[in-house]
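I've put the structures underneath this note.
You will see chain A twice below: alongside chain B first, and alongside chain C after that.
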Partner chain A sequence: MIEAQIVYSKLQAVCRQMGEALQRISRSPLVSQDRAFATAIFTNELKLAIQHQYEPEHLYAMKDSVDHLFDYFSFDISDGDILLVADPYNGGTKGQTLTMVAPLFYHGELVLFPAVRVQIADLAGEFPGGFNPDAFEIWQESMRITPVKLYKQGLLQQDVLRFLLANSRVKSLYQSELDAMYACLRYAQKELQRLIKQYGQRLIESVYTMTNYSNRRIVEHISQYPKKTMDSKITFASNGENITIYVSINTSTNQVAIDFNGTGMQVNTPVNASLSTTKAFATWPILAPLADEIAINEGVLEAFEIHVPKGSLLNPDFPASVGFSTFITGHFISGVITKALQQGNTSTKLYSKIHGPGPQAILFSPFGMLKETVPLFLVPGYPESSEGWGPSALFGDRELVSAEELEFNYGFKMVKREKKANQMIVEIINENFVFNVITIIPEVENNTYGNITIQTNENRKTFHKSSTGISIRPGNRLEFVYERTGGQ
Partner chain B sequence: MVFREDINMNQDKATKWVLGVDVGGTFTDLVASTEDGQLVSTKTPSTPDQSDGVINGVQKIADLLDISIEDFLANCPLIVHGTTVATNTLLEYSGAKVGLLTTEGFRDEIEFRRAYKESVFSVRLKAPHQIVPRRFRIGIRERLDKDGNIIKELDEQAVRQAVQRLVEEGIEAIAVCFLFSFVNPMHEKRVKEIIEEEAPHLFVSLSSEVLPQIREFERVSTTIVNAYTGPSLQSYLNHLESKLQEQGFRGELFVMQSNGGVQNVEQTGKLAAGSLLSGPAGGVSAGAFIGEKSGNDNIITVDMGGTSYDVSVIEQLQPTITTESWISRYRVALPMMDIHTIGSGGGSIAWIDSGGALRVGPQSAGSFPGPACYGRGGTEPTVTDVNVLLGYINPDNFLGGEMKLDRNLAEQAIMKHIADPLGISPIEAALAISRIVNSDMSNAVQYVSSQRGYDPRDFALMAVGGAGAIHAGRQAEDLGINTVIVPSLAPVFSAFGDVAANLKVTELKTRFEDLPSLNLEQVNQDFEQMEKIAREKLGGESIVDHFETRRYMDMRYKGEVHEVTVPVRSRTKRITSLNLDATVKDFHEMHERLYAHQDPEQTIEILNLRLDLIGVRKKLVITDESFGEEDPSLAKIAERTVYFENNPMTIPIYDGSLLAPGNLIAGPSVIEEWGTTIVVYPGQEALIDANRNCIIEVQQMRGNQQ
Partner chain C sequence: MDQSMILSQVVGGSLDAIAREMSATVTRTARSPLFNEAHDFTTGIFDLSGRKSRLVAQAPGCTLHLYAVVGAVDHLIETFRYDLHPGDILLVNDPYHGGSHSLDWTMVMPVFYNRKPILLPAVRSHMGDNGGPVAGGYNPKSKDIWHDGLRIPPLKIYEKGEKRQDVFDMIVANNRLSHWLEGDLDAMIGACKLASRRIQQMLDQYGSEPMIGAIDERIQYTERRVRDEIASWPDGTYSAETYADHDFQGNRDIKIKATVTVAGSDLKIDFTGSSPQVDGFINSPLSNTTSFAFVGISTCCDEDIPINEGYMNPVTVTAPSGTVVNPELPAPCGHATACVGAEIAEAVLLAISKCAPKRVGVNAHKLPLAYTNGVDKEGNQWVNLNFFGYTGGAGAAYQTDGWGLYPPVMTGVTLPSIEMNEIQYPSRVLLHEYVEDFTGAGKWRGTPGLVVQIQHLEDSSTSVMMAGVRNTTKGFAGGHDAPSNKVIVNYGTKDAQIVEETAFGVKMPAEGIIQFYRAGGGGWGNPLERDPELVLEDVKNEFVSLEAAEKEYGVVIQDGEIDQRKTKKIREQI
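For the complex of A and B:
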């Protein structure tokens, strides 16, 4: 165990450094500021050896995407290949989050290899950024990148690259993100080769020992639940339509079974959640008390058995839209799990709410104005967590935008960001150009998760649900209201 | 205690001494040097009023030189002081009662912290202690735009009312931070005038003076910390200076700054946030000095104390600087020595978690009760207990025999808490703990170096602190580092750095401009003005050999987030367009090195102009001694049983103070010095160099160490 701890810590370091390098070299604010990415290392048996993530959605999607890539290419994988996929229906979460994998061979055998998932600023779809409140099918959100090789045996596939870049409104940024992801994977491959040479078989043995360790810690934790069976339900809305998520949790001696049977059917709005998204947000409330103590690896994933009915909101049939699932639905998935745990008399301290959805806006120049349309993902505040300070855990490691940088870089003058009772109020004046605005706002009957008010010269309108078709001109004012713990 | 035996005790009273004083948590260290390279040093216990310990130490130095304290101080033109007053004030939350005046609508930025949480998922993490409670944070009607234009006049009446209210509340210091004050400080300066009219006794901290750069949270946090720590630091320094003057000191008292430079008492009091790393910065400065002397330009310094392990990187003799520091949960965005800390020290407790994994730290036994072997009631096994049980630390010669340790208590603690639960022997358990702590430390070194784009194999490892040199040899093997340096002045290392450091002031002016439209004439005027201000701040003409000015520009590709601080290539005071072209070329290359791409076609934005004014002091002279015999047997004082693996070995023990330049010590062996133990592991050999530093050459067996 001690030997394994030491050797495994070297592997953890490679995974973490891969992420830090990505954050350092990425040109996209989504990576460098919002930290919308994850890094991982897999074994030759496609077991998750270690994963680092800075936002919650990637927990299962990394492995599910890698599984899908290896299923797809089967025996046609060689040294130097770089594989890509971005498909919510094949292991992904939302269309614009891309998984890139670098299989590594040592003496002709597949060995430990790295993978990375990154949210790209735009991968086509109806609106820049991939978020479309009116979408009912995924092509309205972004293109589907089914498994493809960007490099074959070390050679860049120019035709593939051209095709990918041609289908984004942010060609140069996209290119640089692909380059950054590739550079990080190559760095990780080099480091893995060094570790394999240095530690040989002990490296893989350490992975299995520490995988067992992570699993053991979770099992030990869940064994302390006062009740072995718990259930709960939660209701939220999308475009005025109420949706119920139902969950039952059963703990056995070695696993937590989470069953979403009874959850509402899929809907014609983008709040459907892919299976990988559902699994991640269902798992985090149970993992949260241990998140700082154990490594995320196969042992963590194996501790959970998650059943989601096909065709339901949380496992929709292709090609239902899923774009808002990580910002909205994921929070309600975590919310229903926390509610069940609390009803099961688990420690309310350990299992307090980790969710808290809030409003956000995506702004972009009117179509056809610019050669490259870079969307601005505007999240100027956050709902305060149930602990009464800072954002909730599902906000991730995102850095709140600076008022001065927002004004300097984008011409939006922030005139207020302050607390008012349980709310955070942010007011911003557009001093720039005309922008189209998409709002993403969680909905629930008889409650509020915050809102966005847009005041133009002509009128003042408060949005309580996600909308599109809004346009703001210079001098128009946006007001964001965030409610503590998402208003509940 | 004198660490150098070669000083001439019959000092000529006219000899001029420069004194370095570093006050740590346990000891106050002092190093005095003369122009011709004589060095004398001592340690004395730190005292609750740090100035008492300083005076005690000065007295000890004077005693060692056989002169009176008055004579010694009268011949000290300069005292450089590393102090933890500001740090302790912030760590203990014992600072001034602070009020904040900020742009209306933004008084909660200090709580929002840009959404930063030290642990994203921990529900146990408590909110940071608010050093400025909300009721003392007052929004003032005023607003500037990004170009510094006034779009809402300052409401002076509101300022007066706010100041009066804060005074009634018993506020001792006021921090002022308005949006875009770094572009136009007019409103902040006017507020300062009003405060001086209304309440002249208050300490005032303006963001435009403390940190004149973009990002309001970073600025307000740093400004508040400055207001919080300033009054106590100012009062302490005035008090110390008076005490020294009472004893005959007529020279200048300077304070080591977090950025590695030193500044006078007046400036330090105004910018207390700039001396939060005053102590450790001295150590890093010393590291660069020793590195240069020993021919190692690239150094990683590791300082292992009782509760923590500090790592810093020195590249090409320049310590790396960061503006990303968090201290006591507050953001301090001033440029500081980049010192990465993990919770692994001699007092770190080993424990077994619920999954059966062996862990070390971050809980520490501290100095009381301390490790089990201290015999003060501590029962949990610590790293020091491990080092005693394995034979690395001599229990009868700890701190030169001033403190006796109990090996049996160490063994009992390890047996009860680690060996028995794991079903292994106490020695096996101790070896396991040692391996875990070595691994944690080498991972920290790997992290620090790779995060900055360096490969640790290109560096030498410099070990300081009481236990640093026990573990450094193993870490070097693990990291692929070939050379370990244990400085002869390791026990008083920070104080030595204080003696060696130059004076330094950093000025910054924000200047948002696209490069193509840059007005070079104005840039030159700005730099001239910055240099003038820096000269006024720096002072110290009497102790400086010459001044050096270094100019920098913060640049980035337009629309991107990564900034690069690029040195301006200019041989004269004025920057020509040719100089600018060369600087731009450097920017592209630095961007490529740091961020893996460059784009010469892309428009470049200038964000800030920076200027470092350095008062270069006459270089500290350390005389090289000639090499004697290789054979170190004259210094061998004993043999001892130690454990590098399960089977014991009997190895020679050397008295470090008896070793001479040129001595070559083959591993395995242990060198004991006051306050420092050096372990030379099997396969390694140690050379005592011409300055009595211990240089260990490491045989590489990566991944196979036991």
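For the complex of A and C:
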């Protein structure tokens, strides 16, 4: 066990190093600041050996995407191939999050191999950034990247790269992200080869030992659950329409069964959640108390059995839009799970609410003005967690954007970021440019998860719902209000 | 006739036959009604002269594809010049890689002989959908190229004879009509492969050098014929301008200016002076602009001239970068094949009319475009381009009234059968008939305008893009301009809406009706010079009313007979 831990920690280090390298060489603030990525290593049986992630959405999507890629390319995977997929209907979460996989061969056999998932700044669609409040189908959000080889036996498929880049408003940034992902994967492959050479079979044995360990810890953890059905429901809204998520949780000796039967049907707004998204946000409240103690690997995933009715909000039929699922729906999925656990008389303290959606805005230059339109994903504050220790766990490990950075890069002056009563209020003045604004704001009846106010020369308007068609000019102010009771 | 001339005719005729066989293959094997009913595609064969491709043969198809396919093939060859192999099949749709609008996809397959690519069969087709924000690909809200839909820069879908299934599947995944698209792409691939086999047989039979020699001869023949036509026009510089109504983003009266310089048998067309590129999706990439310039020129030349590179050799087209006729990335271009394409051809013809008026006059392409989409009972999306609503509008020419339902710009495109349309879509054509006094008068008049009612039997959504309302299709040589188009959605209900410029995603319940008033074409020559007997015939056919006969043509008809005395008097007075 001790040796397994030592050997496994080397594997963990490779995985973490992949992420560190990615964060340092990436040009996109989504990666370098928001850490909207995950890295992983898989076994030749496509079991998750180790995963490092900085936001919850990747938990299942990494494995599901890899499964889809290997299923698609079965019998046609070679040394040097680099596989790509970014499709909510092929194991993904939202269209802009791209999974890149580098199968590794040693003496002609598939061995441990690395994968990385990254949110790309733009993959076409109706609005820069891929978040479209009006979208009701997937093509309105972004290009669908179904399984495709970017490198074939080590050779870059130039035309495929050209095809991908042509379908982005941020061609050079996108290229640099692909280069960064590729470099990290190649680095990881080299390190894995070195480890395989050094440890041979012991390396894979360590993976299975630690996979069992993670699984045992979860099983032990869930053994405290009452032997009864814990159920709950939560209601939120999208474009004025109420949507209810139902869940029932049952535990057996070695698994948690989560059933979303009864949840509302899919809707014509982008709050539908792909199956991978739903699974991630459903399990995270249960994992949260253990997250710092166990490695994320196959043992974690195997501890859950999740049933989601097809055609429902949480497992929609193609081609429903899904863009807001991680910002909004995911929080309510976690919320309903926490509520069920608390109502099931598990320890309230242990199962603190980890959700807390808040308003955010995506800003971009007017269409057609620039050859490359880089969207600004503006999340200048956060709804404080229920325990009061900062943002909720689902906020991820993103860095809060600094006032200096906003001023230097985008010409915004942050004049206020303060806590007041139950709110965090951030006020920003646009000093230099004209921007189009998309607001993404969670909706819930008789409650609030914050709002965004835009003060122009002509008027002052407060947005309580996701909106498009807003334009701000120099001198205009944006005020973000985050409700500290958001997760309550 | 010497032997080389005979070989040229034989080779040229054979290549034409192959291009036509490609066309028949696509028609008979494709799934989309755009292919098998409307024939909205073009097939052709190119050769390679260095890095530049040359159009060698083209089947009758969509004339507006003429130069766009040339530009697309050139971009494909340029991109893959170091990586072209037997069995490769290439695809492109990007307006900024030699295309027109991204709904038109070009597929090319090089045919090798002695390890070199010699000939390249190609298909250019209008697809039913192209992903992006709106079904059908016509997005009046478009403000950048990504709003038009998927961009496909030069791409191999077959490599050395092997299908790149992942690339193929990704293209299909980015389309709402994947159930059609797969079959349509296969039809295009089939046509290319068929042509490849036929061409290979010819190369084996004749050898490459004699074949290329024969092709050269044929291109030179076409060039001589076109040069003869141009040389018959007086030397000089002639300018004209015309206007597109709007760009669907609030900008109106967008200018297209053409300056035509005739110098012997050379023709230069310069679009300097045209409006800067606009916000909306009417910007015309250079290939499309060149294509529509050739649409204009081709209507001036004899129809028996073989369509090939020789057509283009005497003509130079230039357009300043950053203008509506040569935009810069990322300007949207989705509607360019109608607007400002129509105005480009019109400006060229108006300029040529100043030196060769008897050769111009049949342009008409200002469409009241409306497309409707919905989801059928099986959950499949459908997109109906409502072809019947805007076909028509052909202008008159010297000694010829406007004819038929399609103007020359569409040539090989055919009006789908109403019965097939009603089988393929949940739609009915309730009315499709000529309207009195709804065309440009002239010594030769435009084709009569139409009123059309299309009913959609399921809940649907319709977007309308009006053109030819403020700036209608021009008449020539004193002929009158065409009247304005008009479209009413939710016709006959309290929600009826006359679309002034554009309407986006108008919801219609099952059995909702769209009514189109599709204006006829422009006239040619002074209407007062029209043979009164022809006016009488038009009155009898209900193309022209008694009042218009008198007012527009100065022809007085009483009791079904021409009143010669009053007619003479009125014509002298007007």
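The working rule: the second predicted complex is superposed on the first by the 483 of 488 C-alpha atoms of A that agree within 3 Å, B and C clash if a C-alpha of one lies under 4 Å from a C-alpha of the other, contacts with A are read in each partner's own complex, and residues count from 1 in each chain.
We adopt the following convention: a residue touches a chain if its C-beta (ideal position, glycine included) is under 8 Å from a C-beta of that chain, and two chains touch if they have at least 3 such contacts.
The shown structure was predicted, so the numbers you read here are calculated from the model rather than taken from an experiment.
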item	value
Simultaneous placement of chain C and chain B on chain A, clash or fit	fit
Partner chain(s) touched by A:162 [first = chain B, second = chain C, both, neither]	second
Partner chain in contact with A:124 - chain B first, chain C second, else both or neither	second
Which of chain B and chain C A:1 touches, first, second, both or neither	first
Which of chain B and chain C A:478 touches, first, second, both or neither	neither
Which of chain B and chain C A:387 touches, first, second, both or neither	first
First (chain B), second (chain C), both or neither touched by A:404	first
Chain B versus chain C as contact partner of A:293, first or second or both or neither	first
Chain A as apex of chain B and chain C, Cα-centre angle in degrees (nearest 10)	130
More chain A residues in contact - chain B or chain C	B
Which of chain B and chain C A:149 touches, first, second, both or neither	second
Smallest separation in angstrom, by C-alpha atoms, between chain B and chain C in the superposition	21
Residues of chain A that lie at the interface with chain B and also at the interface with chain C	none
List of chain A residues in touch with chain C within their complex	72-73, 87, 124-126, 137, 139-140, 143-149, 159-160, 162-163, 166-167, 169, 319, 366-368, 371, 373
Parts of chain B lying in touch with chain A, wherever the complex brings them together	104-109, 111-117, 119-128, 139, 143, 145-146, 179-180, 214-217, 353-358, 432, 435-436, 439-440, 443, 446-447, 450-451, 512, 557, 559-562, 594-597, 702-703
Contact footprint of chain B on chain A as seen in their complex	1-2, 5-6, 9-10, 13, 16-17, 20, 24-25, 27, 29, 32-33, 176, 179-180, 183, 198-199, 202, 213-214, 216-217, 220, 284, 287-289, 291-294, 349-352, 354, 374, 381-382, 387-391, 393, 395-400, 402-405, 407-409, 413, 415-419, 424, 427
Touch list for chain C against partner chain A, complex	79-80, 94, 131-133, 143-144, 146-147, 150-156, 166-167, 169-170, 173-174, 176, 279, 328-332
